[in-house]
Structures are given as C-alpha cells and as structure tokens.
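In the two assemblies presented below, subunit A is common to both, partnered first by subunit B and then by subunit C.
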Partner chain A sequence: MSSSNNSGKVLKLKSKDNQIFEVEESVAIQSELIKNVVEAGCDIGVIPLLTVHSKTLRNVIEWCQKHVDYVEENDSGSNEEEIKNWESEICEEGNNNGSDDEETKNWESEENNNGSDEEEAKNWESEGNNDGSNKEEVENWEWEENNDGSDEEELENWESKFVDVDKDSLYALLLAADYLSIDSLLERVIKQVADVIKQCRSVEEVRQTFGIKSDFTPEEEEEIREEISWID
Partner chain B sequence: MWSTLPFDILAKVFSFLSPDSLACARSACRQWHTCARTYPSTLPQHHQSWFLALPTRNRGQCCYVHNPVVDNWHMLSLDFLPDPIRPVASIGTLILVRPTNCTILQLALCNPFTRQFKYLPMLNITRTNPAVGVVILEPGQPGPNPHFRVYVAGGMSEASRGGATYEATLEMYDSMDDAWHIMGFMPVEFAVRLTVWTPNESVYSDGVLYWMTSARAYSVMGFHLGSNTWRELSVPMADRLEFAALLWRNGRLTLVGGTCGEDACIWELRKGDSWGLIEKVPIELGIKFLGGKRSWGTTKCGATEGAICLYREFGSGMVVWREIEEKVRWEWFWVEGCHFIRDKQVQNLQIKGVFLYPNLAPSCLLS
Partner chain C sequence: MELLQCHLKCLSRDLLTDIMARLDGSTLASAACTCSDLLGIAREQSLWKQLCHSTWPSTALKEAQHLISSSAMDGFDRLYADSYPLILHDKVAKNIPALTHISPSNFASFIDVYYSDQCILSRVLDGIPSSGDFCEDDETSDLMRWLLSCPFTLVLLDVGHDEGTGDGNELHPANNQYDHHQILAPHFMSFVHTDHCNELLKRLRLSWVLLDKKRGRAVNLSSWKPLLVKKIWATDGDYEIHFGCIVPVEESVLPHKLAKCLILARCNLAENGYLGWKEISMHFEDTGGVHVCGGKSLTILNQALYCLRSNSRLMVEEGYQQFEELKQEMIRKKKLKETIADWLCLSFEVAIFITFGYYILPI
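And now, the complex of A and B:
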C-alpha cells in the first residue's frame, strides 16, 4: 500500500494508443480516478487510461503539474521564511534608536502573516522612521506579501491560454477531464465551452461552430424558431 | 461529437449561459434541447435580472426586455395572454400581473419567455383597487417554482345595502396551497388610504410590508406581518417630491424621490425610522433622462438585487445604479432607451416595468 506522503513516487500511465507516461504521484492524483486506484493499492505496474489519447494525456499532465507547482509556490511556509529574512535584515541595519527596537519587538510578537502585519508595517513606517533604507525594506516586504494576488492572476492567464484550443482538442480535454475526474480542469473547460457558445449570436452559428446538425423535423424547427423569435 | 455530450456536463455548460445564449444553444439539436428541458439551470447567482417594460396604456400585445449582457432591447410577444395586463410585482423568474380590463382585482402569474400564464384563484372578498404586497419566502437563487405569498389590503367592496364600502380585511395567498386566506382586519383609515392613494406595489423588508401612499404629501405605511400591526412613516420632503418610490436595497428599505428642478435623491431607512441620504442621481444623467425638462413628473423606479433604476418612457432611457463590487461599490450607468426593434420604430409610450430573471424552463406553478 502506498502512503499519501510519498511525493517521490512515480506512476506509469498508459494512454489509449499505448504510450506510457511517467508521472509523479503528487501530480497524477489530481485525478480522482487515479487517486482512487492508488489508494486501493492497484497502482502496481501500469495504469491504463482506456479513453484518453496520448496527445490529450500529455496536456492533462501539463495541467496537473502546473497546479501542483502553483500550490507549492504559494503555501504559507514560504511566507514565514520571507518574514524571518526581513526581520533579520531590519535588525542588522543598525537602528540603534530605542523606539525602533521597541517597534520591531512589537511587530515580532505577532505570529501571523495576514493583513494585520501589513498594518503594523505601515504604522511602523509612518511612526517617523525616515531612514530611506528602512522604508524600502518595508515596501519590499509589502510587495512580497501582495504577490499572492498577481500569482493567482498569472494562473488564471495560464489557464485561459491552456483552454484556448481548437474545438476537437477542447472536446477531447472535456471528456478526459470528466473521465479522469479532475475538477479544476473540468470546470475550466466547461466555462470555455460556455464562452464559445456566448460568442454565437444565432442558432446557426452555434451549429456551425460545434459541427452540430439539426435533427428536428421541419415542424419542430418552426416551433423552436417561434420560441426564440425574441432574439434579434 | 458535441451533440452527444453527456447531459451532466452539458447541463453545467448551460448553467453558465445568459438567457439569450441559452435560447440559441438549446435550439441546436434534439439532445441539447432535451438536456436544457430536463435539467433547467438553477440560475447561478452571477446572472443578472432583466428589466421588462410594458406600456401603461396597454396597446398591442407585446413587452420589451432589456438585456444587460449585451445592452440591447428585445421584444417579447404577449399574444398568449387572454387579457391585456399590467405588471404588479416580480417573483424571481415570474411576474405577478393583473388584467387591466377588469375593475375587480384579479391576479395572475406570467412568464413571457415560456409563454405561460395562469390566473390565481379569486379573492374571498372581491374588491376594487386594493394595495397588493408580495413576499418571497426563499430569497436567494430564484427558481422556476418560487414559494411566495401575496397580501391584499383595503380596496372597495360591495356593501350589504348596495353601493360600495371600504374593505378593511386583509387577505393572503400562499403559493403552496394555492388559496386565499383572510388574515384579519385593519384600521379603516388605513384601508381608505391604501385604496385611494396607493399604487399596487409594495416592498417587503425585515418582516414588514411597506407601501408608499401619495396623498397631498407622501407617506409610508407599514404592515408588520408577525404582529398584524400597522404603522406610518414620514418621508423626507414629503410635500415637495414630484415622484417617490420605495425599493429594497442591501437589506434596507430605500426611498427614491425627486423635486422639481433639483437632483433626485436616494434615502435609506435607518434605526429609529429615520431616513439617511445615501446618494444623489448624477446631474448629467438626470438631465439626459429628463430630456432637458425640469420636472420629474412621470418618473418611476424599479429595483432588483444589486441594481436600482429610474425610467419613464420607452425612449427616455434609464438611469441605473448598479453594484459593482459586492456590498462595496455602486456605480451609475446610462441605458439607452428602446427606439427600434428589427428596424420597426417603437412608440415612445409611458411604461411600467419590473425586473425578472429570464427563465426558459416551464414552471409547474403555471401549468
């Protein structure tokens, strides 16, 4: 039985067209399907993914890798480290002024790295520490704290580029995400399909875009036209 | 390929579509049509409600809706209606309406998108011109079958000795049992005021149904449902306002009103029944809206979750105050009026409107 902490373990995934992909377990278990296989202890040898073509599987693995990387880069551990570095830098800058030491002590006693720290830093800054380099330190620290916002944006942009593909690839991604049960991918592709539909201004355009043939009888077609005649 | 997508995935895709996109998508093929019919989306919160307007003097059988997604107007035929109607209140995805060719109050439910219409049963005591109030019992995601109650107070009914009398009973309709119940009596002077000086709409806030009454001076009447008690509230600049409308905004009773030649203002009811001024309609929008006139005269207001609007006629355009950041920021927008639909000119008639969440799925309340 494999333990859940085994981040070094590598799994072998086999695509529909018999290509083998070696993937780290932490990446592969983004798929609930694969996670269940691993937890049931059936991950010996190769895991066959009967409905996923290698071209699609490659992309899916890229998605999972990106999301594992994103989580690692943004967990709280790295922020704590940043704060400790900042703290020691400040102490080193030789602020012998008694009130500065006091302020630093007050700030040190706060354990968490949420907004209140930012407030503390701001208060400290405004309390008359006019030494240019200290102000810079605070600004750098604030910038690092606020980096979370742009990381999220960066991921969103990456995701948008990822799903910006031709219809056939999108379809393959959709089915793969569903089969493999990768919630993040499924949701993003679903939104993309919805966005593509929103670009269509008429039923004809929807049919053309998705290669759909109308299978209504002429009478039904007429009825449906009536139903939506309010759309110009 | 695409036409054979599994229904659960397709239904999720459809849940992200605005009503006009959904209408196109579900018409593409049988599978998609069946999916949309079988799994009507429960209208996720990020969908906006649409403003639906009818001419106050009802000529012709159609209404006009404003699509906020693409900022244009659509015309919806109302030829499925047995009688011409006037909107009374919005009930999420449905509208409560009353036929205009009838002096006795009768109410009905309507969904112009699914072309469904159904009369509510007649009241226990028939009356003309009462005040009507609506309470939606499951606020939140508006669905095709809301649970709601309608309150009718006052009006004039036939007196036992002939002629008419002010009706001091209050009746309530519950959509769960599709029946009217007599709830009790109200002070006769309130019955009179509600009959003579009140339009049909009300605002429900925090257990109280409020109506604006417009005698020589505006004032507000409130009916506390829990204790069956009535009270009166004063209105700022009550005798100077040219128009005054009650709305619900951010959990508070809100008042919009304007005086001749001045800005229109928005007040909020605070603790202790006092009104606090929270906003004024920007001058340039006010001028555009009134078309250079100084009088607010026929201005009316509508509101929905996250938006308040001022409107007058089809062509006058609308001034909209919309929530941009949840509970934080509201901004003013201009919405161009409805002048042409499919190259046919729209008569610049006075309108009465409500907001509703377009729903393309038939409601069993209306079957």
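And now, the complex of A and C:
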C-alpha cells in the first residue's frame, strides 16, 4: 500500500518581504531545497526563503499545488483498482486454502515432506492465484494510460498560461525555481525564456528585451557581426 | 514593493547555458552578439554540435563524426554557419583561393531527406565513389583522366532500371539491402495510382551538405524544397524530384558564369504502402542543359564552397527561375540560328538550281 498523501503536516514559509505562507508538506517538498530542510529535521517553525518575493512565492505555491493535485488525480484511480485486486486476491486465497490443506495433508501422509516444501507449495499456489490479478492490474494501467492523454494536454495548457507573463515576473519565477530547485517549473520557465528570445528579430531587440548592455569595443562588435553575417 | 528588473546577464552560467541550448542557430548567433558573457556561452561547441545533429541527422552518424573531427573544419559553429544558408546566385565571391590541385577524395557529403519535418533518410558519402582508389597526385592516371573528362555524377544510391520492373522486388521489406531506403508512406498516399506530386512538393525536403575536408569549409548544395516534382508514368509511376541550386562561377569555367547543381531523387510508391528510393544523385549542368565534365565539376564545387549565401529562400528560388529563363532563351536562340542557317542553305541551293537552269536549259 502506498503511503497516504495527506499527512496533514503544514509548513510555514517566509518570503523575502516577511509574509508567511502556510503550505502542506506534500506541496512544499516539490522543492528540493525545502525537501532537504524537512529531511534534515530543520523544519521547526518558519522556513525563511530570503530571495523569493511574496508575489512570486504565491505563484510558485500555486504551481506546486497544481502538480500535486494532478498526480493525485491520476493516481487515485489506480489506488482503487489496486485495492480491489488485493481484495479479490485475498478472497481467492481464502477459497483455495481448503483444497491446499487437503493436498498438503496428502503429501504429508504420502511422502513425509519437510515443512519448507509445504511452504513452497503454498507459495507456488498463491503465486499462481496472483497471476490472474496481475493481468487485471496490467489492463488497468493500460486503460489509465489511454485516458492520460487529455489530462496531460490539460496540464500543458495550464502550464503554458502560467508562464505567459511579463518578462520581469518570468525572470523572478526563473530565479525562484532555480533557488528552490523545482525541476518541473525550472524546465518550463527556461523553455518560455528561450521562446521569448526566439521571437526577437535582431541583436538589438534581444538586448532591449533583456536589458543587456553591450560590453564590446566597436572593433570587437564589428568582428562579431561579421562572423554572424550568415544569419541574414 | 520591488520587483527585479529582468537582467539576463545576472543569471548563473548553468542557467544561461540551459536556456541557450534551446535556441535555434540564428537566434543563438544573435544572442552571442549581445554581450561577452553570452558570447562565451555561445562559443561552446556542444551547443552547436547538438544543433547540427538535430538539423542534419547524418552528421550524428559515426562515420560522419569521424570525418568532421579529422577534417580542417574549425568547429560545429562553423559547420552550421556554412551549411544552413543556401547558395546565392547573384555574384561570384571574391578571394577564392587559387587551386593547385583538387582531389575528389577531399570532399565528403552529408545527405538528409525529410518528410513532414521528420528525417527519413540519412547518409554519408566519403569522396566520390566512381573515382576509386588512385594516387592523389597522379593526375595522369587513366582513371583520373577519365573522371575529369567524362560527365560527372555524384551518386548516393542507384537501384538501377533493370531491377524491379513492376513486381516490386527492390521494395520487399524482408530484403535487407533495401530496407534503409524505404519509408512507410503517409496514409493518404495509399492510392498508388493517383498523382501525389503536390504532397511531395509540400512535404519532402532534402539537404546535401558538401564538406571540403582539407580546407575546412562546407556548403549546402540543395534548395531544401523541391524545385520540381513529376510523375513518370512510363516507369510504373516513379516520381522524379529535383533539388539544387545555381552556382555563380568565373567566366573561364562556363559561359554565362552560372552552373546549375541538380540533385535528382527518384522514388516510387509500392503496393505495400512503402516509399522506395531508387536514385539520389547530383550533377552540374550549364545554361545549355549540357552535363558538365568531371574536371569542371570539381572546379564548380570548389567555387561553391566560397560563394555567398543567403537565408532568403525566396532569393534562391528567384535565382533558379532566372537560370531556367536564361536556359530557355539559349535554346530559343540556338533554334533560331539553326532555322536561319537552314533557310540560308535552302536559298543558296535554290539559287544554284535557278542559275543552272537558266544557263543549261536554253541550250
């Protein structure tokens, strides 16, 4: 049985501007940084996140919550099925025990086998019983995979809307995701930044968009432009 | 409330590298030009190597990697910059190094064919197959003389005309020799006997990157999009697809200072729904449509490596149109000359006949 996702523990995170956010542990540990803090047992009281502003932290928490919800939604189906399978296994074993007992009694009387052989025979039989439920489980997984397509698309659309923000917010998200080590958010924001750069049609536009100041001498600049003249 | 100003430069190098790894070639080059930090990251060969491999999967093949690393090519950024833009027909490049000796073995070709943006065929060709093994410096050898004087064709694959005369021998999936040349045709191409020229025109793409191993330069000889697609009903519905470019050359090489590089691809659609490649080859033609010989072709290849390029597909297509118009013009002029010559000969003969008749008959 998988461990319950609702451990109920709530962590307190403090943003740069001293706002406290109460977040469930299962949501907060999407961040490797917070996960390490929890595992090291340092999560008593408030966890200070000194470089993350409250506005950004709110968004980050929303991202983590969405991903935890998504995982839960897609897992709960299989949990129910697994429970059903285990229940049916137990019933089957219960039904079969009667005949097993008879068989083992026969063996005992006929061959005076060791205890281990009896156990082995029982194990083989219970394994045999399990095969049926294993097939069911496989079928369930296949059914779930077929249904995941639309859920994945929905998540992707949500993620695209989430990162469709102004550059400053995007930049703040990027720094926060990097600091907090949230892989899924970092990956998506990096992709978005790359997409924004791709939309720039010239070197000047890239500089303007991202506030980059050229530190080349005029000669160096000319040399580099000559090198990249092939893009025209 | 202070929000951070967006300063890309302030990000860690790792983050910046991750971001730049997701850019396409032109954008990466633009970003490199913005400041020294980004220039430093953009100079990392791994980024360009990844771009080359994804744009031309043939460069990722083992043989290709060996050829590129052992060549004089500066780096993958140079390879990308040379091979991505297409040849511009407008003017001959200046400062082409004088050639003392061009050997066919100097060249290697990386060929990729794509259908609907997916690569379906990738091949590497080292040297020029028909040149065989011969001593590089031995220009007087028979083989070399034959190569230089005969019409030149660089062949990637040629299944041959006498095989597969309608029974689809060469397209049998179990026949390993031809497995590589087959691709499952998209489902709308399931009707073998209809004309699929439009689909091929829209979705088929070909790239032929030529590398000069000795001098570390490369060029893309293809037009990416097909220049022409036609169905040859006479040969069981083979499709003939033309790719290529117009190479500006010096006047001493060819008249009109233009050569046409023609990449011919022939394929057909088998009953089992596979698209089978029968021929992929490249040769040069002059404005008269005449197949250029080996010696001149090597010179043209050399000039192509140094000619100007452009990313504007429109300009490249215009160049092709202009060449075709020039070719038609040449053919018209030639016909006109021949017609005039015929008429002159005829008039001369008639004049002689009349004169003969005038003097002889009264007697």
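Here is the rule we go by: the second predicted complex is superposed on the first by the 154 of 232 C-alpha atoms of A that agree within 3 Å, B and C clash if a C-alpha of one lies under 4 Å from a C-alpha of the other, contacts with A are read in each partner's own complex, and residues count from 1 in each chain.
FYI, a contact is a pair of C-beta atoms (placed from the backbone, for glycine too) under 8 Å apart; a residue touches a chain by one contact, two chains touch by 3 or more.
What you see is a predicted model, and the numbers here were worked out from it, not measured in a lab.
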Simultaneous placement of subunit C and subunit B on subunit A, clash or fit: clash
Which of subunit B and subunit C A:R58 touches, first, second, both or neither: neither
Partner chain in contact with A:S214 - subunit B first, subunit C second, else both or neither: both
Subunit B versus subunit C as contact partner of A:V206, first or second or both or neither: both
Those residues of subunit A which subunit B touches in one complex and subunit C touches in the other: 167-168, 171, 174, 178, 190-191, 193-194, 197-198, 200, 202-203, 206-207, 210-216, 224-225, 227-228, 230-232
Of all residues in subunit C, those that touch subunit A in their complex: 1-9, 11-12, 15, 18-20, 22-27, 29-36, 38-39, 81-82, 84-85, 309-311
Subunit B-facing residues of subunit A, complex: 167-168, 171, 174, 178, 186, 190-191, 193-194, 197-198, 200-203, 205-207, 210-216, 224-225, 227-232
In the complex, subunit B residues that touch subunit A: 1-3, 5-6, 9, 12-14, 16-18, 20-21, 23-25, 27-30, 32-33, 65, 72, 74-77, 113, 341-342
Touching residues (chain side subunit A, partner subunit C) in the complex: 17, 53, 55, 167-172, 174-175, 178, 190-191, 193-194, 197-198, 200, 202-203, 206-207, 210-216, 221, 224-225, 227-228, 230-232
